[in-house]
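These are the structures, in structure tokens.
Okay, so subunit A shows up in both of these, paired with subunit B first and subunit C after.
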Partner chain A sequence: MPIHEKNLVDKDRLLVKEEAKLDGLDVSGQWSTFIEQRILGDYSTDVLDAVASTPAGKTIVNCWQCGTCTAGCCMHTDFGLREFNPRYFIYLAQKGAEDELKKYAPVIWRCVTCNKCVERCPKGVRVEEVVHSIEGYMRSKGWMGDTPASRWDEAFVKNTLQTGVLDELALTRSYVSREKLAEFNNRFMLRMALKLVRTGRIRTGPLRHRVKGWEKVRDVAKEILEGGGEG
Partner chain B sequence: MSSPRILVVGGGPAGLSAAWDLAEAGANVVLVEEEGFLGGTPKKLHYSLIAPDLKPVQEVLDPLVRRVEQSGVEVMLNSEVASFKGSGDGFHVEVRRKGGSLESHVFDSVIAATGFAHWDPHKKYEYGYGVYPDVLDFKDFERMLSEDNLRRPSNGETPKRIAWLLCVGSRDKQVGKFYCCRMGCVVSIKQAMEVRQKHPEIDTYVYYMDIRTYGFWEDKVYWRSMEEFNVKFVRGRIGSINRGEDGRLVAMAEDTILQRPTEVPFDMLVLATGMEASRGTVEFAKLAGLELEEHGFIKPLQSDSLPVHTTVEGIFVAGTATGPKAIPDSVSEGSAAAMKALNFARRKAVAERQQTR
Partner chain C sequence: MKAEAKVEVQEKIGGMAFYPGCSLDGLGKAYEKSAKAVIHDLGIQVENIKNYNCCGATEVKTVNYDLSVFLPARNLALAKNMGSGVVVAPCNGCVYSLSRANKAVTEDESTRQRINGYLGKAGVSSYDGSVEVKHLLEVIYQRAGPQAVRSHVKKPLSGLKVACYYGCLYTRPKVYTGAGLQEGKDNPEHPHYMDDLLEAAGATVVDFSAKTICCGGGHAVADREVSLGFSAAILNEATRAGADVVSTMCPLGHINIETNIPKIIEQYGDAIVRPVMYFTQLLGVAFGHSRKDVRLADNFSGADTAMHRLGF
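So, the complex of A and B:
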């Protein structure tokens, strides 16, 4: 029977074939649309095991799906990004529902690390870290490449490792030019920098703080980072 | 004043506790037990570890049994109450030993500690108990754990993945069981922990509607099972069990968090069978004229303030005869009923003495 009311079917599950042949008989046209079944045929521990084995992800097993994290998540609530639901990401990872998890590659990196979730979780799940660990798993699977957030993290770490103190101006400048962020034009940057220096929010250039004996600390930090973050 | 004579019916945790306390207080106690041993259902069905401390059942119950045996209680094993008549001078009771001999006694007061039975999951045909050998209930699985013999009954292999289904014969209008068994959650999760402790390679899933591990069971059992043993939880009640092509069981359920139907294969399924009044409880209630409450258990005179009184004066009740209860609760109620039974007997003795003066 042809499928009526396709609007009621999850779009991802509608399969339209160019041509449909049944025993050599061409039944294309109305007959070439199929609905993929919704039944989940198995649970798997692959994602959970991978995430729980990372230092950032080990508290994933604590989660009991109460939703406190999502209820306070600024991405989910204030920014209105409905698809960004840390509680749900954790569940998909716990049950190994990879086909579903995959769909969230475009949004899972959107966390702004406000850490309200970590502060509020009644079960001690380090939600922000766990979600980043799940994101790492998705990247390792090739479901997503680097993102503005991961490039920021990279630039952040590189900048901090130089002297042990973050140079905000240099970081912003390098990041903005790399990402070609139009709204951060030279005039804007200059005005912001002057304001920040004047109010003492940042110190840059010769005024910048330095950490004494940073080289030793940096070596240890590098070693930890290369070892996947296990301290 | 001679010592009061008190009958305790049932040698489980509640009956043992009552009998010991009464003997300590100087009463003449007769303990009637239908099985050939003391310890009640936990012993009879070979329970394994007891939550929340995961202590072997012997460690929990043997001290109780020993105390009773050493306290001068007259223990009548393989015996049951054959007839029961209350009158002015006490309760006239005939006890029948297995084999037929009847013994007559007169008691001043009586404690019913006649216990519970696990609900029979055959009645929930959609779960395939009795059809698929790998579908087990609580008593089957506890025995398997206590004998350290975790194998699929169908082929003798060690299972790779086990599921638990909570609330089988509880919270279910279809089978007329409207109440919560209070034990299913904690026992299932305890079993999953026990499995993971001995066989970390076995994956464990608990299908639940709510998790009711109240009080200290929350962190000591529920949280620990997730955080230490990685027991997994699925919110949804299994609708039916099918046989997969490879001989495994397939659990048809809705994962209510994913909002998707699931057909997940398992090697074994354990049904968390609820508690109902035991045959002994129902029969004794009938003999002694005790009222039952709406769920089929013995009715306390007042469920809030007089929980161990029955509707018949001089007969008291303790443990799971009045509803689902954990072992420590049964032990406490045994002591409570002992106090009430002793007071009743003493009051009666005083009244008799005053009359004869």
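So, the complex of A and C:
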């Protein structure tokens, strides 16, 4: 029979028959696909407990699995990455299907925080923050390592805490060279820098915004980071 | 009682705190100059928050929750100390992060206590979530509106076809921004403030279905495939709708689309590329400022030559 959200089924459990005849009637095509049955019994309540206890993930308990978030999700629908399915991430976290959840480590970090899901959720689930909270849990368990996005975010925090104001050029330059992004080669960066110099946008000189007494604020920020903060 | 009265007076004379964020001091300088020129022309007074810091955008919150509330809360507390009841931010990311901090300290007592503890240590007075956060576009629309824009136009943008790109976090999510729930907020699914203002300035606003789609700016560098794909989709849709230029209102989205253009040309050809400019640059030109005044040459997408060619 036709299978809804076929991408959620493991490929080796999809049984596709090239040719299917029932009582001499050709029923191949969509009708010749079957799913091999499986039984999952290995649930853990840890995931839901951990996610629901974070301020960012607390709304996970409201989810009733309608899928509105996923229908509008720009990664799922516009970009077409079907494996990126926030409804399913929440389902697996609620159920505690750890082994299933682990399979999504390669994609779960790709949420771009467009917040369409949070906007549209009829149950007030802050889906985007819940998904990031699930991702954080997965990382804390060692199910996934750092990702391009988490390395960017860490670098962002480090850069911001230096002076209190983000220097987006320095951040991009250091990130690009560390990640060896071929696209932002020396030629690209030089062209960009030239343009910025010509239009007076390199952040130097006395006119640049500075946060007075930032050292004191930075100490508090470092204390928050070291204490773990909440979430 | 006294403090309340003060806020009211500030409101009446239009004293709003302006939060420029990090971009406007660097890459987005054209946005700052043009925005300041436009609101000055329209008689809207704002005062910069002194000593503001980075709001943390959408990046800090995946690293640490408390830090992601503390950074914007410090700015809001500073604004409150100035006696302002409203903070104006020109960037969608800042609007998101500031209003998220508001929600965090009002909805949860323990969060408020923790954050106020941090604020005290950082030498800032405590904060209760009472300062309203507004996007620059909302302020221009509410305080001046299409009528006032029309009366200030010296050089109508006649014949210019504009696609208005609002981006993600301008109205989204309503739980933080209040869009669709409060007075004075744009429609979250069909925002129209920029359309109305640019139409009042004489431009032809095209029917643009990619108004609120994501530009991938959140992962502008970290996930190139996504940010390139979305930027191309936005430009492609603007071209299909017949636009001459794309008008933006978020420095992150603006710079993300612009810096993707060389790669988009390489992958999809230059037929789908349109110059990108801030809505305040367009309004500035309509108000009689020169292309140099609104810093059109700052843009990476050839906006200056394009506007010159189109006769502005």
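What we mean here is this: the second predicted complex is superposed on the first by the 173 of 231 C-alpha atoms of A that agree within 3 Å, B and C clash if a C-alpha of one lies under 4 Å from a C-alpha of the other, contacts with A are read in each partner's own complex, and residues count from 1 in each chain.
We take it that a contact is a pair of C-beta atoms (placed from the backbone, for glycine too) under 8 Å apart; a residue touches a chain by one contact, two chains touch by 3 or more.
Source: prediction; values computed, not measured.
Once both complexes are superposed on subunit A, the partners subunit B and subunit C fit side by side without clashing. In the superposition on chain A, A:Ala97 contacts subunit B only, with no contact to subunit C.
After overlaying the two complexes on the shared chain, residue contacts for A:Leu166 are found with subunit C alone; subunit B is out of touch.
In the superposition on chain A, no contact is made by A:Met144 with either subunit B or subunit C. Looking at the shared chain after the overlay, A:Leu225 reaches subunit C, while subunit B stays out of its contact range.
Using the contact criterion defined above for the overlaid structures, shared-chain residue A:Val157 touches subunit C, although it does not reach subunit B. Taking subunit A as the reference, the larger set of touched residues comes from C, when subunit B and subunit C are compared.
In the superposed pair of complexes, A:Val61 makes contact with subunit B only, with no contact to subunit C. Overlay on chain A (Cα): least separation between subunit B and subunit C is 14 Å. Listing the residues of subunit C that touch subunit A in their complex gives 20, 22-23, 25-27, 29, 51-54, 56-67, 70-71, 74, 96, 104, 108, 111, 114, 118, 121-123, 168-169, 171-175, 188, 213-214, 216-219, 221-224, 226-227, 229-230, 233, 259, 262-263, 295, 297-298, 300. Residues of subunit A touching subunit B in their complex: 38-43, 45, 48, 52, 61-62, 64-65, 88, 91-92, 94-95, 97, 100, 123.
For subunit A in complex with subunit C, the touching residues are 54-56, 74-75, 78-79, 110-116, 118-119, 124, 126, 128-129, 132, 135-136, 147-154, 156-157, 160, 164-169, 172, 175-176, 181, 183-184, 188, 192, 195-196, 199-201, 203, 208-209, 211-214, 216-217, 219-221, 223-225, 228-231. Only residues 203, 205, 223, 226-227, 230, 232-235, 255, 257-258, 260-265 of subunit B touch subunit A when the two sit together in their complex.
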